[in-house]
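In the part that follows, the structures are each spelled out as structure tokens.
Shared chain: chain A. Partners: chain B in the first complex, chain C in the second.
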Partner chain A sequence: MAFGPHLLLATLEGLVTAAVLALTALGLSLVFGVMRVVNVAHGEFFMLGAVLAWAVASAFGGHPAVGFVAALVVAPLIVGALALVADLLVLKRLNYNPEATIVATIGLLYIIQQAALSFYGPEARPVEAPFSYRVLLPWFGYSGYKLAVIGASILLLLATWFVLARTRIGMVMRATQYDSETAQAFGIPVDRVYAGVFAVGAMLAAVAAVLIVPTSQAHYLMGRDPLLLSFIVVIIGGLGSLRGTVVAALLIGVSDGIISVFFSPTLAKIIATLAVAMVLVFRPQGLFGTAAR
Partner chain B sequence: MTDNRDSSSIFRKKISRRSTLKGLGATAAGLVAGPIVAGPGFVRYAQAQSSAPIKIGFQAHRTGIGAAYGRWYEKTTNAAIKAINDAGGITGRPVEIIVEDDGTDPGRGAEVVGKFATQHKVDVAYGTLFSHVVIGSAPVAGEFKLPYFVVSEGHHVASTKLNRYVFQPGITDVKSQIQAMAPWIAANAGKKVCQIFPDFAFGYDHRDYLPPALKAQGADVVAQIAIPPTESSFTKYFPQIPSDTDVIYHVMVGPAVLTFVKELGEFYGSNRPQLFGFIDSLEAVDINSPGLEFLDGSHFWEGAPRYAQADDSDAMKAYRAAVGIDDNGASVDDPKDVSTAAHMFGCWETLYVIKKAMEDAGYKGPEDRAKLVEATEALTEFAEGPEHPQGKKTFNGKIHQCFGIQNISKVEDGKLKVVHKTSIEDGLYEPEGDYTTQAL
Partner chain C sequence: MADALVITGLDCFYEDTQILYGLGFSLRQGEVHCLLGRNGAGKTTALKAIMGLVPARAGSIRLDGVELTELPPHEVPKAGVAYVPQGRRLFAEMTVAENIEIGLMARNKGAAVRDAVLDLFPILRERLKQRSGTLSGGEQQMLAMARALCLEPQVLLLDEPTEGLMPSMIAKIRETVTRLRARGVSTILVEQRVDAVLPVADRVSFIENGRVRETVEVDRLRDEPELVKRYVGVS
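After this line comes the complex of A and B, so read on.
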């Protein structure tokens, strides 16, 4: 394949990765930014989104779009509710202690993963895309749905930005992130904000999973890669920085696409990990993060 | 104090059981020494000696990337054990299967085999599919001198690089499969072949043995693309396929196989090169899944056919009914639950080989494991029939590997129809070594 089309394909693949990664990592970043909780179970919320998408989509007959749209609404809601419960039963009781919550979310990771194995099974199951339009380029064909994933992700990111920057809820969250004690002194129900943020973070991962699952398949082990990549993105972008997360996702996603296509996917992972190490050494607060107070 | 008493009583019990067993064994040896020479009459004779079950440790891929295969390997194993027990068991003793999940992981696999030997004290270990797990577990089986019957397809057993306790008597190996396929590919699909294979042992068998096999037929491998078995997105690999490729030869495994084939379809559409795949790329996946329409007219290797064929033997029909798959190769309980029909017959056949070898060896317990190894090595042929429904096989005791027929099937009207069957001779090659020279 000639260089031009080859690069185009690489960029498209990279953008799809970046789109899904941005949403997933945003959830992780939000949870860390506001709650200072490193959520190791984040990848499992992603997996749960995909698995529930399969369950919901296969419960609906008829046109695949019906089941998909239902999944897009229902799956994140269920995952959000589950995260809410996890927050109330586990994280809150640990007083959101940073060390204790890491261990607790590791436990959560295994509970969710093994529960999926028990109830959903070890198979990889497909979810049908809402439409199967194939974009025919002169050099190769490309899934129209994947392009739609990029678009949907951009819309969702804009919506998240709008909520955080322009609404009262967002202001309350930002206040809690800035200084939770002062926020509490001003009458902000910090506990409820925490619970809400944890749920929203999980829902972002679940939405990303529902979007991507028609191009891959739902499988109980699928949470590992998104978790790793999300951590990479969040560290590079700066924990808690929304803008940093999106920029880093774009950087990691597109470079992953291009390096994988032209060289090898293993090299792409090596370079991403190396980038994390470099960022940690030279700019520990991340590209867009602010130094810890 | 109590502890002491307890442990000493356990100790005493152990000694007494062992000495009893010894006595029993001696008596048995005396009793059966004649009949062994005399022949099959001995089997019924041995019934009186012990009715304790023969324990077969089943190393199953219940979880991990091999889970879909593991589930069907387990179903087939249960069906075969039921059939064997209904017919009187092995040497008159019932057979019990002890399942341990290896997570499709070589490290865990080695632990499982060790557990079989030391904790479960099984008679033989059996059932592993994924080649990296076999390679990881084989040294442990050798160390404990535990006969280890795999159903893996990989060439590692036949390469004689493992050890004398590892056997593959129920399914042919990749080298043999490739050698039998190559003439058909070169003659019917095309001369310039691009290979796509998983980046681990099983894939390397394909990488290493296809080019020479095709060369012998005047065809060439123009590119080789290795993909990590845990990969979930494949489009990024497709630009490496040279534009002058006649045939894409694909063999993928793992949970993302459907994505692989779907993305191949998106990339090429109907304007594709010929496709020749090992059914591994679609094992446990419905070939009528949305997005797979472009496979129509392409060809697949199958060990045993997934779809019921017009010329199926009675033995094949009985086997399919016993395992519980319908004419489409899916579970009779759930038409969406597609089986791994092309491979799982190997479990059925391997268990019957274990039965035959144990009966030939006059196997009575773990102390006879060496005899069992020799009896297995002495096997030469398995006739087609209820015990070997996939077809006739020959067995080479020096390399611990069986040889059999292969099927090439075409995707037609949403089904796989067998269009060519190779002969056993097509897949024979010169042995690369001899396990029987190794010490027991």
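After this line comes the complex of A and C, so read on.
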């Protein structure tokens, strides 16, 4: 394949990675931005989304689209409910203390991972895409489903932006993010906001997993890469910044796609990690984050 | 005159450090009651305790028969207490309109209250779409008060509202407090500066080491300036 089409293919692959990464990292960023909780178990919510997608899709017979749509609804709801329980039983009891919650979410990571191993098993299992359509470009054919993943991710990101910027719920979340004590003094039930944000963050990771799992496979260890890349994205973009998360996901996703195709996936990860180090040294608040007051 | 708020035997801690020791005073209906004292005396902690932001380990805070210490912090404003914190604590990344909306949401107040509050501070009407962090210090203080008044509170807590403001703004704040008193709103005003207190206060409580040492009518303060010197350090 000539260089130009090869580059286009790599960019398209990078855009798919970026779209899913943006959704996953947005969940992590929301949780940190509003709650100041570094959720080390975020990748496991992603993994649970994929594993539950397999379970739900397998339970439905007939056309794969039926099982997939059911998984797209059911998996994030179950993951969100689990996150609510984790918030109630663990994070709230720790009074959302930033240091204590890091340790607690590490524990949560292992609990979820080992529960998946126990109940789901060590096998990697496929989830069928809801449709198989190839978009024929002059140089190669490309998966229509992957393009749909990009489209769906953009729609979800826009919906999240709309909720945050244009609705009362979003205003309450932002007020809690900026100053939780003052928010309470104006009648905002901060604990309930935290619980909701933790659930929504987990649901975003689960949705991202359901969208991407037909292009890979569901496996109980699949939460590690999304967690690492999400941390890279939110640090570069600025913790708590939606715009920063999207821009950083694009940068990391597309560069990961291109470097992986032309050189090696390992080099892509090395460069991404170097980028994080540079950002931490020269702009610790991230590209779009606000410096600590 | 009936008491709007009665505080008795209040003990508050920051972690293991005790800040308030059996603090007690009452706020009459429509009264402006000032808390004076040196830095670290416990004035701000007293206001935060009323709001439930610092939990009370002992004592009582009663508002119209409702025990505020038994409410979660987010229910206190719904009971009718509004708070203007020291340093304003606006939601700086949000617009003026959004800050006001947050105030309205607490007690489900509507457009009529919003308009009435903006009539008190007309300059804010021109700044509704501006990010509140970009307002001048005086405008930020007006917004902090407007946001609190959106609750239509029975009790208003003002923590050093004149801090760092120019005289014209201080006069505007005094005028607002006086207007609210005329409407029956009871106010607790925490101040460091005695000259900011005298023109608006009805009574003054001196706080020292987390205890109310003395509560006096403001006229007595004019006659006995040594009281101020004793508890605040300047006259």
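As a convention for this text, the second predicted complex is superposed on the first by the 293 of 293 C-alpha atoms of A that agree within 3 Å, B and C clash if a C-alpha of one lies under 4 Å from a C-alpha of the other, contacts with A are read in each partner's own complex, and residues count from 1 in each chain.
One rule holds in what follows: contacts are C-beta pairs under 8 Å (C-beta built on N, C-alpha and C of every residue); 3 or more make two chains touch, one makes a residue touch a chain.
Values in this document were obtained by computation on a predicted structure and should not be read as measured data.
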Partner chain in contact with A:Phe186 - chain B first, chain C second, else both or neither: second
First (chain B), second (chain C), both or neither touched by A:Thr167: neither
Chain touching more of chain A, residue-wise (chain B, chain C): B
First (chain B), second (chain C), both or neither touched by A:Tyr178: second
Which superposed partner A:Asn97 touches (first chain B, second chain C, both, neither): neither
Contacts of A:Ser118 with chain B and chain C, given as first, second, both or neither: neither
Common interface positions of chain A, toward chain B and toward chain C: none
Chain B residues within the chain A interface of the complex: 62-65, 67-68, 70-71, 228, 231-233, 235-236, 238-239, 243, 255-259, 263, 266-269, 284, 289-291
Of chain A, residues touching chain B in the complex: 1, 5-6, 9-10, 13, 17, 64, 117, 121-124, 126, 128-129, 132, 134, 136, 140-143, 215-217, 219, 221-222, 225, 257, 260-261, 265-266
Residue ranges of chain C touching chain A (in the complex, touch as defined): 51-53, 72-78, 83, 85, 89, 91-94, 98, 101-103, 105-107, 147, 151
Interfacial residue positions of chain A with respect to chain C in the complex: 168, 171-172, 174-175, 178-179, 181-190, 290
